[in-house]
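My questions will all concern the structure given below.
As written, the chains take the letters A, B, C and D, and residue 1 is the first residue of each chain.
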Amino acid sequence: MSEALLDIQNLKKYFPIKAGLLSRTVGQVKAVDDISITIQPGETFGLVGESGSGKSTVGRTAIRLTDKTAGEVRFKGTDIYSLPPEQLRQLRPKMQLIFQDPYSSLNPRVRIGEAIGEAVLDHGLAPASDIRDIVKEVLASCGLSSYHIDRFPHEFSGGQRQRIGIARALVLNPELIIADEPVSALDVSIQAQIINLFSHLQESKGLTYLFISHDLSVVEHLCSRIGVMYLGSMVETASRDELFRHPLHPYTKALLSAVPIPIPKLKRERIVLKGDIPSPANPPSGCKFHTRCPFAEQRCVEEVPVFRNMGGEHWVACHLV
Amino acid sequence: MSSYLMKRLGYTLFILLAASLLIFCLYALTPGDFITGNIKLSPERKAELRELYGLNKPLLERYVIWMNNAFHGNFGYSLDKQQPVLKLFNQYVWNSFLLAIVSTFLTWLIAVIIGVIAAYKQYSWFDTFVMVGIFAAMSIPSFFIGLFLIKILAVDFKWLPPGGMLTTGSNATGVAYLKEVIHHMTLPVIVMTLLGVGSLTRYFRSNMIDVIQQDYIRTARAKGLSERKVLFTHALRNALLPAITLVGFELPALFGGSLIIERIFNWPGIGQLYMQSFTVRDYPLLMGFTMFIAVLTVIGTLLSDILYHVADPRVKI
Amino acid sequence: MPSIQAEVTNVATNRPQAVKSSLWRQSIRKLLKNKLAVGGFAVVVFMFLLCFVGPLFSPYTDNKVNMTMMNKAPNIHHWLGTDKLGRDVLTRVMQAGRISLTVGIASMVLSVFIGTLLGAIAGYYRGIVDQVIMRIADLLLTIPSLPLLFIFGALLSEWKVPTDYRMYIVMLILSLVGWPSLARMVRGQLLSLREREFMQATIVLGLRDRRKLVNHLLPNLVPLLIVIATLNIGGAILSESVLSFFGLGVMPPTPTWGNMIDAANNMIDFQERPWLWVPPGFSIFATVIAINIFGDGLRDVLDPKQKR
Amino acid sequence: MSTHSLLHIQHLSTYFDTDEGTVKAVDDISLHVRPGEIVCIVGESGCGKSITALSVMGLIEAPTGRIADGIIDFDGQNLLSLSKNHLRSIRGNDIAMIFQEPMSSLNPVITIGEQMSEPLIIHKKMNKKQAQKRVLELITQVGISRPEQIAKSYPHELSGGMLQRIMIAIAISCDPKLLIADEPTTALDVTIQAQILDMLREFRSQSDMSILLITHDLGVVAEMADYVVVMYSGKIVEEGEVVELFANPRHPYTQGLLRSKPIINQRQKELYSIPGYVPNPLELQESCYFHERCEHCMDICRTQEPPLRDVENGQKTACWLYEKEAAVHV
């Protein structure tokens, strides 16, 4: 196997829970609890999960936007947590993040041209005289017009802003793009535009994606390999076709069956999970899913299931398969 | 829990200690002292008195002595009044408290009512009128409005007494005494209420406006509740909640008196006492007063933190 | 969370517009629609013109003592009467306004400068620096401000500062007392800005620190500073007047609105000659209310998340 | 088809006056809901679907918002001409509503129990004791255990899913004839969404309550709706029975919407996407508001507004493609 582009090993990220008058630490939210992901160049890895699953935290710790608690993150073999600040800064263009909210991720007081061009300048990727042309080019490749260059973010709609966000990342010629729910704030008709933009860019630039989403249908459309998270742990990873045709983990099955499909009167088997997602501050013992699992046994309450390979790179953490 | 509270208290004590040192040094820097300014005394007597009061000792030593005494509950002896500082405070502070509590009560009452109505009728002519009123109240120089009202209501129309707490030479008792005090405190209370009501009304108005736009207010309406119930049960409870923190911040004002108002109205409160002492540089009293306010401020901050946590079900200690 | 209906109106106003415009231009346009704020601004401008240009049209600027014209009530020649030295009160009020406004603005500039600098340093560098600065601010906020002002004022008298220079020292005092709360506000704003997603984006992009600070943080801090600064002028004018009224600020013969009201300390002037002390009082009131109303209008457009 | 309708909205127009001009958030729409029927209004943000719901509830806030025209006929009376008190006696009683954000839709400083008992006391004239008893029953009815404890708790102590159940419990507490649900599951996770949708369906079949469901999610529409209304820029562009409409969408917008949604286990190489963006509501001119984004745009679409006309099988659409007179212009 060639060298992985992004190699996350046993990553943990705990957030302290602050409470009281002087924000005393009263506990920990285990947002990410021992996660390993390896992403090969050119691949699109989809990370799915519901709220509180820790999927966004994985994305942020993977590029050291927040500090980790334990584990290792290697980008092209370099341990990014061991890099001194300046070297990390110089590495940053290669790994970019697309934010969920296209409104808050653009500085309202910075013109689009500057927002896109400034990082190119700071990394010395092009002489200042070429910046405008470069920005215009990248705007065009993201479906925006060159006359947008002198405008401010508030003059754009949500979909356009998300294109700007993508252009801002793209202009640095990144190798890895982590997209954190990039379409969930957008309307259906705009979602489709942005999803298509993601696939076109991958084809033309050979990008690698870590695509984080709660929407299984979007992930199925875009990703070649998919991981399912629940309360900070990975419960199943497999290739797209394998995961959607033969899901093994009861949670994956339930998740798949819960997605409403726009075909009226469709008869299909439904696993409706009982109860709520437990708080990540106080996760259940054993298999974290046992409180909602329709097949849970005594063993699931007591033992943490091992993340096992079921053949053909299909991994699952469940006692029952 | 306890270790954390200890930490918080420790920090509070540290701030107070630092504040006392700073205040002490500042007063020591202040030119003139009680004895130098007194022309009736001979030079020998002055030196003698300095020796007696320890004024010839180095600054730090004096501070340590003062602090040591303070720890034993002894805040010194007023040079001017020839009485223990604490005893003087006890005499004057309740007069200040009387003014403050009445005007604070009025301020809150008026602010809540007007704030709620103005928020409910945002952008109406009433709201605009209230806004202008709020800014007016926030922009009046306190001493000037005091003087101005005395001139109009006391000097020209003679409706109210111009100052003091009792008519000079009065020895009224019982109900008559009470009446006289009320008569005298009307004007200062009006002025103090006027000065405080602006910012508080603005606070309640903006709180209410925020709350009225919340989703749960829409839910309350969707349930078919009457507007009165929506406003006064659902909205006001939420708008009042953050105001609880203000109660703590009111503490220094409640007991600390008002330097300017008491001076203008010649009210025998602790603020007036301070102003008198300042002109004669009665250091023990000045020091005591300033520390008193500092302590009140610190306790008030602590209190508002605690109150907020007690009152808001969302925050658990 | 704003209601759906607020969102509807937002959707409309946030739509792409044909003309490109910065947030600044938008804010100014919005401000001009606020009649109250425009009115406030007009009054502020009027007061400035009155105080700085007005005296040029007055025949009494020489401040000569005129024994024949002592303590005259307002009349056709002296619209606001004359004082005990026969000087024209209107001219005095205008000249006093010059000093009061200058002190107000200068001490605002100074305290905003100190407060912003220290608050920004504390908020940006965090750690020990932050601790030290904020502890000092806590300390100063614990000491009641009026006694502090009085002490400083008394020091002034002791040092025998010439009256001409006293106003500069008064500015210094006012800003010394005013900076801690400003520093707190700036630091708070900076900390909340740091958490904003667009600041996170600057980390992801690997921008240099200087660019983060100059191009991203500061432009978002400036609106708040403008609002604070405006409202602060009013506060400084009020504080100066208190100090001067108690004889601890700027002293006669340099006139300020505060020390002119000092005339009210004289029983006869207070009771019989209100033209001596009422006009400066109203000048303070008019100026400060106008500044406050204008500042509040500014806050609405520049810093809408803050309290209305 | 039953001719009797529970809710009949006729020519409703709701406008918002902003600094920049008037936004016609809802522009001359008519629809009806029959007893026991689930009608879905579907559309993207800003299309006016939520404003329609709020207009029915009488919750449009003056002075910015106003109902400019129309009749909202509910059970034989025009809600728009009722007195405030009369309307209030219907709100929360005969018509109940649940909202998108369960987390912010309940008052944070009042207990769940108290918030639940309020409508019972007002509309059902219960005393406090009776109301408390009924509250416990209701909590159990929406599938939450330990009702006593829940009644005493504050909203922040419960999860989003639980709070939405509580909102449903409040809504059904007075046995409403119509439940308006405005994006009730948008803020919730899929597994929780499935629970909530199941519950709504169950209550409908138990009590013959009608539901006006507002959503942007075509999957939810397909699962829930009997009848679908598609809105775009404040107008109804298409409506019809759910099976028919999904099988034969007529309006290019409906077609585009259905094609641009990725469907699980039906992966395509490339997603269809509607080009362009929703027009600025302040700059709308007499035209088909979709014309700028439409593949089939004709001259008439740019200058005249298409009327909503019957096409087939009770389906209606507002598109010049289906108008005979339009053929002349092509």
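Basically, contacts are C-beta pairs under 8 Å (C-beta built on N, C-alpha and C of every residue); 3 or more make two chains touch, one makes a residue touch a chain.
As the structure is a prediction and not an experimental result, all values here were calculated from the model.
Trainee: Using the touch definition from the top, how many steps at minimum link subunit B to subunit C?
Mentor: Each step joins two touching chains, and the minimum needed here is 1.
Trainee: Taking all protein C-alpha atoms shown, work out their mean, then name the chain whose own C-alpha mean is nearest to it.
Mentor: C
Trainee: Centroid of subunit A to centroid of subunit C, CA atoms only: how many Å?
Mentor: Taking the average C-alpha coordinate of subunit A and of subunit C, the gap between them is 49 Å.
Trainee: Any idea how many Å lie between the Cα centroids of subunit B and subunit D?
Mentor: 54
Trainee: Suppose each chain is reduced to the average of its Cα coordinates; what separation in Å results between subunit A and subunit B?
Mentor: 54
Trainee: Check each residue of subunit D and list the ones that touch at least two other chains.
Mentor: 45, 101, 104, 277, in rising order.
Trainee: If a residue has to touch 2 or more other chains to count, which residues of subunit A qualify?
Mentor: 157, 160
Trainee: Quick check on subunit B: which residues sit in contact with 2+ other chains?
Mentor: Residues 214-215, 218 of subunit B touch two or more partner chains.
Trainee: Report the residues of subunit A in contact with subunit C in the complex, numbered from low to high.
Mentor: The contact residues of subunit A facing subunit C are 63, 65, 88-93, 96-97, 99, 101, 104-110, 114, 118-119, 122-123, 150-152, 154-157, 160, 168-169, 172.
Trainee: What does subunit C use to touch subunit A in their complex?
Mentor: The touching residues are 14-17, 20-23, 26, 196-201, 203-208, 211, 215-216, 219-220.
Trainee: Applying the document's contact rule, which stretches of subunit A touch subunit D when the two form their complex?
Mentor: 50-51, 157, 159-160, 187-193, 195-196, 199, 214, 216-218, 220-221, 244-245, 254-266, 270, 272-274, 276-277, 292
Trainee: Please name which positions on subunit B make contact with subunit D in the complex.
Mentor: Subunit B reaches subunit D through residues 123, 214-216, 218-226, 229, 233-234, 237-238, 241, 312-314.
Trainee: Under the stated contact criterion, what part of subunit B meets subunit C in this complex?
Mentor: Residues in contact with subunit C: 15-16, 18-19, 22-23, 26-27, 29-32, 128, 131-132, 135-136, 138-145, 147-148, 151, 155, 202-203, 205-206, 209, 213-215, 218, 252, 256, 259-260, 274, 278, 286, 289-290, 293-294, 297-298.
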